[in-house]
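Heads up, there are several structures right after this.
You will see two complexes here that share subunit A, one where it goes with subunit B and one where it goes with subunit C.
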Partner chain A sequence: MTMHKREWPTVVALAPVLLLVLAPFAWLIVSSLKSEIEIGQADPLSLPANLMWRNYQDAWQIGGFSELIGNSFLNLAGVVALTLLTCTPAGYALSKIRFPGREWLFYAFILGLTIPIQAIVIPLYEVLTALGLVNSLSGIVLAQVSNGIPFGIFLMRSFFTNVPDELVEAAKVDGATHLQILTKVFLPISTPAVQALIIISALSTWNDFFLPLVVLISPQVQTLPLGLVRFAGTYSSEYRLVFSGTVISFLPIILLYILTQRRFTEGLTQGAIKG
Partner chain B sequence: MNMAKSESMAGAGRGNAARSRAGRSREDVRLAGDGAGSALLLMAPALAVYAVFTLFPIAVTFWLSFTDSNGFNTDAGFVGLENYRKAAADPILWQSLWQTLLWLVYHVVLAGGLGLGLALAIARLRRSQVFFRTAFFLPHLVSLAVVGVIWANIYDPFFGLLNTSLVAIGLGGWTQGWLSDPSLVLFSVNVASSWQGFGLYMLLFIAGLQDIDPSLYDAAEVDGASAFQKLVYVTLPGLREVMTFVMSLAMINGLKGFATVFVMTNGGPFYQSELITTYIYRLAFQSQDHGLAAVLCILLSVLAITITVVFNKWRARLSR
Partner chain C sequence: MSRRLLGLTLVLPALAVIAFLFILPLIMSAVGAFQVDGAFGWGNFEKTFDLYTKDIVFTVVIVSISTVLIGIASIAIGGYLTLGEHPVAVAILRWLYRWPMFIPFIVVGQILRTFLSKNGMMNNVAINLGLLTPIDAVSFLDWRGIVIAFVWKQTPFVALLVAGAMASINRETIDAARNLGASRLRVLIEIVVPQVGTTLTVGLILSFVTMMSVLSVPLMINAQTPTMLTADIAFRVNSYGDYGVANALGLISLLLASSVAWIYLRASLKERS
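Moving on to the complex of A and B:
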C-alpha cells in the first residue's frame, strides 16, 4: 500500500460522505429530544427549544424497554454460549480425528451453510411447537444456534486444521483423551478463533428479526428489534416516542462498539475471511 | 449466521478435495486409531441440535411441497406436482422472484460499491484510518428491523428527513412519496438495507487491500505508473478474490433480505416490494398455504445454492 504523506485531501473528500451516512443518527437523536409540536414543524435543521428528556422516560416505560433489552441480552448470551459449546468440539473432531462418515457429515453441514432460514421456517415452527418451545427464548436460542452451527464449525475447523498434528500426537503419547487435548491444548491457543466466533454469532443474533417474529409472540418474551417494531406500530402517531424508542434501540450497542472497536473489527474480518 | 458462508465452503471444499486426492495420507494414518468413539462424542451436541432444527426441517420442506398441508390438517395429502403447477401460474410469485433478483443487484451495486469506494479511500489513510473505519461502520450495528423503523421515518412524505431536507435546500420539486410510489419503493427500501450493509463489505475490502504486497506498488512506481494505472494494474487485480467473496456474500445477504421490507412496506404497495422471503412469510403464516410456500422455499434454496456454487467455482479458478 502506498502511504501518502499528506492525507488531508482524502479526509476533506470523505467528510461530506461521512456526514451523509451518519445524518440519520443525528436527525433521530435531535428529533427524539423535541416536543411533538416541534417535530410537526418538519424543519430538519432546527434544534429543540427545551431538551425533552421526558420522551425517553415515557418511551422506556410504555415500551417496556428494560424487559426487551433483558430478553435480547439473554438471547445473545444463550446463542453465543451454546454456539461455542457445540462448534468447538465438532470443529476439533472434523479437523483432527479421522472417522468413518466424516465426508458425509461435512456435506450435511455444507447444506445448512447455504440454505436461508426462511426456506425451512415452516417445519421449523412445527418442530418448535411439538417441543413446546414456541413463544419461548429457549426455542429461539436453539433455532438460532442450529442456524449458526455450520458456519461456527467451519470456522473452528479451519483454525484447528492449522494447528500441527504433532501437538495431538504428543498429548496422546502422554495418555490424554481427545476431550482433554481439546480443552487443555487447543482451547488455550484458540483465542482469535473463539473471539471471531463470539463476535459473529453475537452480531447475527442481534440482527435477527425473522425467527423472533415467527416464534416470539407475547411481548414479555420479545427481543429488542421485534419489540421496537411493535412499539413503533402501536404508537405510530406519537413521533417523539417512536424516535426516542429507536434511539434506545441503537445507542447502547454503538457505544459498546466504539469502546471495543479494534478487537471487534479484527475478530469480524478475520472470522469472515478465514471461516 | 450469514457471514462468510461461501468462503468457508470454498476453503473447506478445497481441503477436502486435496485430502481425497491424496487418499489415506500420512496425516490420516497418524490420526487414525481411536477415531469413531471420541469423534461421535465430540460431534454429538452440534449434531443433535443441527439434525432437529435444520436437517429435519430441510427434508420436511421438500416433502411439504408435494402436499396440500395448511398447517392444521395433520393428515396432509400427497398432491404430486400440483403446488408446482400452482406456483408456475402465480403472478405474485414471478413478480417476487423478479423483484428479489433486482433487489440483489441493487444491494451489490449500492452496498458493495460504496464499501469498495470507501475502502480504497480509507486504506491509504494512516492517522485517521481508525476514525473513518469506525465511523463508517456504525450503521452496520443497527439491527435491520430497527433500520426499517428509522428509514420509514426518513422517507415520511411530510416530516421525514429526506423530503424536508430537499425542501430546505431548495429542491422541493424532487420530493417524492418514496415508499408509496410503486416504481420507487423497491429501490427506496433497498437503500435502507444497503446503508446498513456496506460497512461489513468495506471492512473486508480494507483487509484485502492490506494484504496486497507493497513491493508491487514500488515496482509500479519505478515503472512510472500513474495513480490510475496502479489502481487498474495492481490494486484491482489484487482484490479479485475479496471482490468475488464480497459479491457472493452481498448476493446471499440480499437473498435473505426480509426485515426492512417487512417493517417499511410489508411488500406493498400492490406487491411492488414483495420479495420471495416476504411472500413465504405471507403464505406460511397468514394465508396458511404451506404447499405453495414450500415451493417458494425450494426456489429460494435453489437460488442460494446456485449463487454459492457459481462463486466458489469462480474463486477456485482465481486462486489457482
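Moving on to the complex of A and C:
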C-alpha cells in the first residue's frame, strides 16, 4: 500500500503523456461526429449535439473509399505474401546454414535498412517504367517488397538465431533436409516472428505514402493514403468530411492492432530484434 | 546439394528483388547525381549545396532532436513498464502507448495540422482554460510540429523494442540493487539501460532512417523554408523536372542515414569479434 502511495507522483507525471497520446485521437473522432457549424465554433471540449453519422456516409461516397480500401487490401496482400516468401528462407539460410560469405551477405542486406527511400525513388521509377509496371498494383507491390526485405530478413534471422542449433542437428540425424527443417521444424515454432513480420509488413504497406505517390498515378489504382490526401485537398474547407475521411482511413489498421496486438508484441520481443 | 549452393538458393529470391529494385536504382541514382548535361561532374552537388544547405542542416537537426527525444521517452516508458509498482498505471500505459504506431504518417500529419494550428485544439484548450489569450496563441506548424509528429509516431516502436528487452533482463540484479537502497531512476540508468543498449540503438537507427524518409509530415505541417530534404526532392521533380539535383539530394540523405547506421554496424562487429 505504501508502495502504491509513493507511486502516485509518477502516475500524475504520466497523465499528461497519456493525454498527449489520446487527445488528438479523441478530438478527431469527436469532431468527425459534429456538424460543420459546431466544428466552426472552435470549442474543442464541446460534444456534438447530435451524432452526425451522416458525415461518414458522405465521406465514404464522395471520397470513393470503397475503391481505395479495395486497392489497399490488394496491395497489402501482395506485399505480405512476397515478403514472407522471400524473407523466411533467406533468414533461415543466413542464420542456420554455414556457407562462405554468409556474414557479408547479411550485412549487405542490413545496409538496405539504412537507405532512405528518397535516395532511390527516381531511378526506381525508371526501372518500373522500363518493366511496364508504373501505375499498376504489381509495380507498387514489387517496389514495397524490395523496400521491406532488409527489415524482414533482419527480423527472421534474429529470431532463428535464438533457436538452438541442436534442433537442426537433431533433425539432420533423423534424415531431414534443410528445406524440411525450415518448413516442418522452424516455421511452426516461429509463429510469433512470422506474425510480427506479417503485421509490420501490412502496417508499413497500408501506411505508405511516398512510393505509391511516385508509382500510382491514376485515381483508379491509388491506395488509401493517396486518396485521403486528394480528398482532404479537394474538400479542405469541409472539416466534417475531412475528419470522418481521416477516421475511415485508419480504422482498418486500428482493428488489425486490436486483433493482433499480443502476437505482434510477442514477435518483436521474444528473441527477435536483439541486434 | 552443397551447403553454399543451398544457402545461396534460399537467399536468391530476396537477393534478386533487392538487386533489381534496390541496388540497381541506387547505382543509377549515384550516376544520375554526378551527371550534368551528359557529362560527369559535381554540378548537381554544387547546385544542391547552393540551394539547400539550410535544408540539409534543418533535416539533420530535426531528425537528431526527434531521435534523442524518442530515446528518452522510450527509456521512460520501458523503464516504467519494467520498474513501475502501480499495477493499474502499468496496465494503462502498456495498453495505450502503442496506439500511435499504427497511425499512418499521413494521418498524423493531417491530425496534427489541425491540432497544432493557431486556432487548433491545443491553443483552444489553453484559451478555454485561461492559460492563454487569443492574441498570444501561436501556430506550432513549423519545426516544432515536425518534431512533435515524429516523436508521437515513432516513440511507441522504439519503446516496444526497449520494453521487450528490459522485460528479459534478469530481475535478480534489479531486486538486489533495490534492496541495497538504489532509487528506481538509478536502477534504470545504471543497471537496466546499459543492458538494452543494442536494442535501443537498433530501434533508434531504424527510426532515424524512417524519419529521414517521411514526405507527408513536412509537406503537411511545415511547407515553408527551411524544410526537410524529402520535400525538396518532391519539389525539384514536380516543379522543375530536375532529376540531377533530386538524385544528389537523395544521395546526401543516404550518406546521412548511413553514417548513423555505421555506428551500429561498428558496435555490432566489435561485439561479435
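Rule of thumb we're sticking to: the second predicted complex is superposed on the first by the 221 of 275 C-alpha atoms of A that agree within 3 Å, B and C clash if a C-alpha of one lies under 4 Å from a C-alpha of the other, contacts with A are read in each partner's own complex, and residues count from 1 in each chain.
FYI, a residue touches a chain if its C-beta (ideal position, glycine included) is under 8 Å from a C-beta of that chain, and two chains touch if they have at least 3 such contacts.
The structure displayed is predicted, hence computed values, not measured ones.
Asker: Could you figure out whether subunit B or subunit C reaches more residues of subunit A?
Answerer: The larger set of subunit A residues in touch belongs to B.
Asker: Would you check which partner chain A:R262 touches, where first means subunit B only, second means subunit C only, and both and neither mean what they say?
Answerer: first
Asker: After lining up the shared chain so the two structures overlap, which partner does A:R157 touch, if you call subunit B first and subunit C second: first, second, both or neither?
Answerer: Once the two structures are laid over each other on A, A:R157 reaches subunit B alone.
Asker: Considering only the touch criterion stated at the top, classify A:I140 as touching first (subunit B), second (subunit C), both, or neither.
Answerer: Neither partner.
Asker: Give one of first, second, both or neither to describe whether A:L124 is in contact with subunit B, with subunit C, with both, or with none.
Answerer: After superposing on A, A:L124 lies in contact with both subunit B and subunit C.
Asker: Touch check for A:L68: first (subunit B), second (subunit C), both, or neither?
Answerer: After superposition on chain A, A:L68 lies in contact with neither partner.
Asker: Please indicate which partner A:S201 is in contact with in the superposed arrangement: first for subunit B, second for subunit C, both, or neither.
Answerer: Only subunit B; A:S201 stays clear of subunit C.
Asker: Quick one: is A:A171 in contact with subunit B, with subunit C, with both, or with neither? Answer first, second, both or neither.
Answerer: In the superposition, A:A171 contacts neither subunit B nor subunit C.
Asker: Check subunit A for residues that touch subunit B in one structure and subunit C in the other, and list them.
Answerer: 3-4, 7, 10-11, 14, 17-18, 21-25, 27-28, 42-45, 82, 85-87, 89-90, 92-94, 97-100, 102, 105, 109-124, 126-127, 142-143, 145-147, 149-153, 178, 182, 203, 206-207, 209-210, 213, 225, 228-229, 232, 239, 242, 246, 249-250, 253-254, 257, 261, 265, 268-269, 273-275
Asker: Please give the residue numbers of subunit C that touch subunit A in the complex, ascending.
Answerer: 3-4, 6-8, 10-11, 13-15, 17-18, 20-22, 24-29, 32, 73, 80, 84-86, 89, 92-93, 96-107, 110-112, 114-115, 119, 121, 124-125, 128, 152, 160-161, 163-165, 167-168, 198-199, 201-203, 205-206, 209, 212-216, 229-230, 233, 237, 243, 246-247, 249-251, 253-254, 257-258, 260-261, 264-265, 268, 271
Asker: What part of subunit B is in contact with subunit A in the complex they form?
Answerer: 1-9, 11-13, 15-16, 20, 27-28, 30-32, 34-36, 38-43, 45-47, 49-50, 52-58, 60-61, 64, 71, 118, 121-128, 130, 132-139, 141-146, 148-154, 158-159, 161, 164-165, 168, 195, 200, 203-204, 206-207, 209-210, 212, 214, 217, 221, 230, 242, 245, 249, 252, 255-256, 258-259, 262-263, 276-277, 280-281, 284-285, 290, 293-294, 297-298, 300-301, 304-305, 308
Asker: Which of the residues in subunit A end up touching subunit C in this complex?
Answerer: Counting only subunit A, the residues touching subunit C are 3-4, 6-8, 10-11, 14, 17-18, 20-25, 27-28, 42-45, 82, 85-87, 89-90, 92-94, 97-100, 102, 105, 107, 109-124, 126-127, 142-143, 145-147, 149-153, 178, 182, 203, 206-207, 209-210, 213, 225, 228-229, 232, 239, 242, 246, 249-250, 253-254, 256-257, 261, 265, 268-270, 273-275.
Asker: Per the contact definition, I'd like the list of subunit A residues that touch subunit B in the complex.
Answerer: It comes out as residues 1-4, 7, 10-11, 13-14, 17-18, 21-25, 27-28, 39-40, 42-45, 82, 85-87, 89-90, 92-94, 96-100, 102-103, 105-106, 108-127, 142-143, 145-155, 157-158, 161, 165, 168-169, 177-179, 182, 200-201, 203-204, 206-207, 209-210, 213-214, 224-226, 228-229, 232, 239, 242-243, 246, 249-250, 253-254, 257-258, 261-262, 265, 268-269, 271-275.
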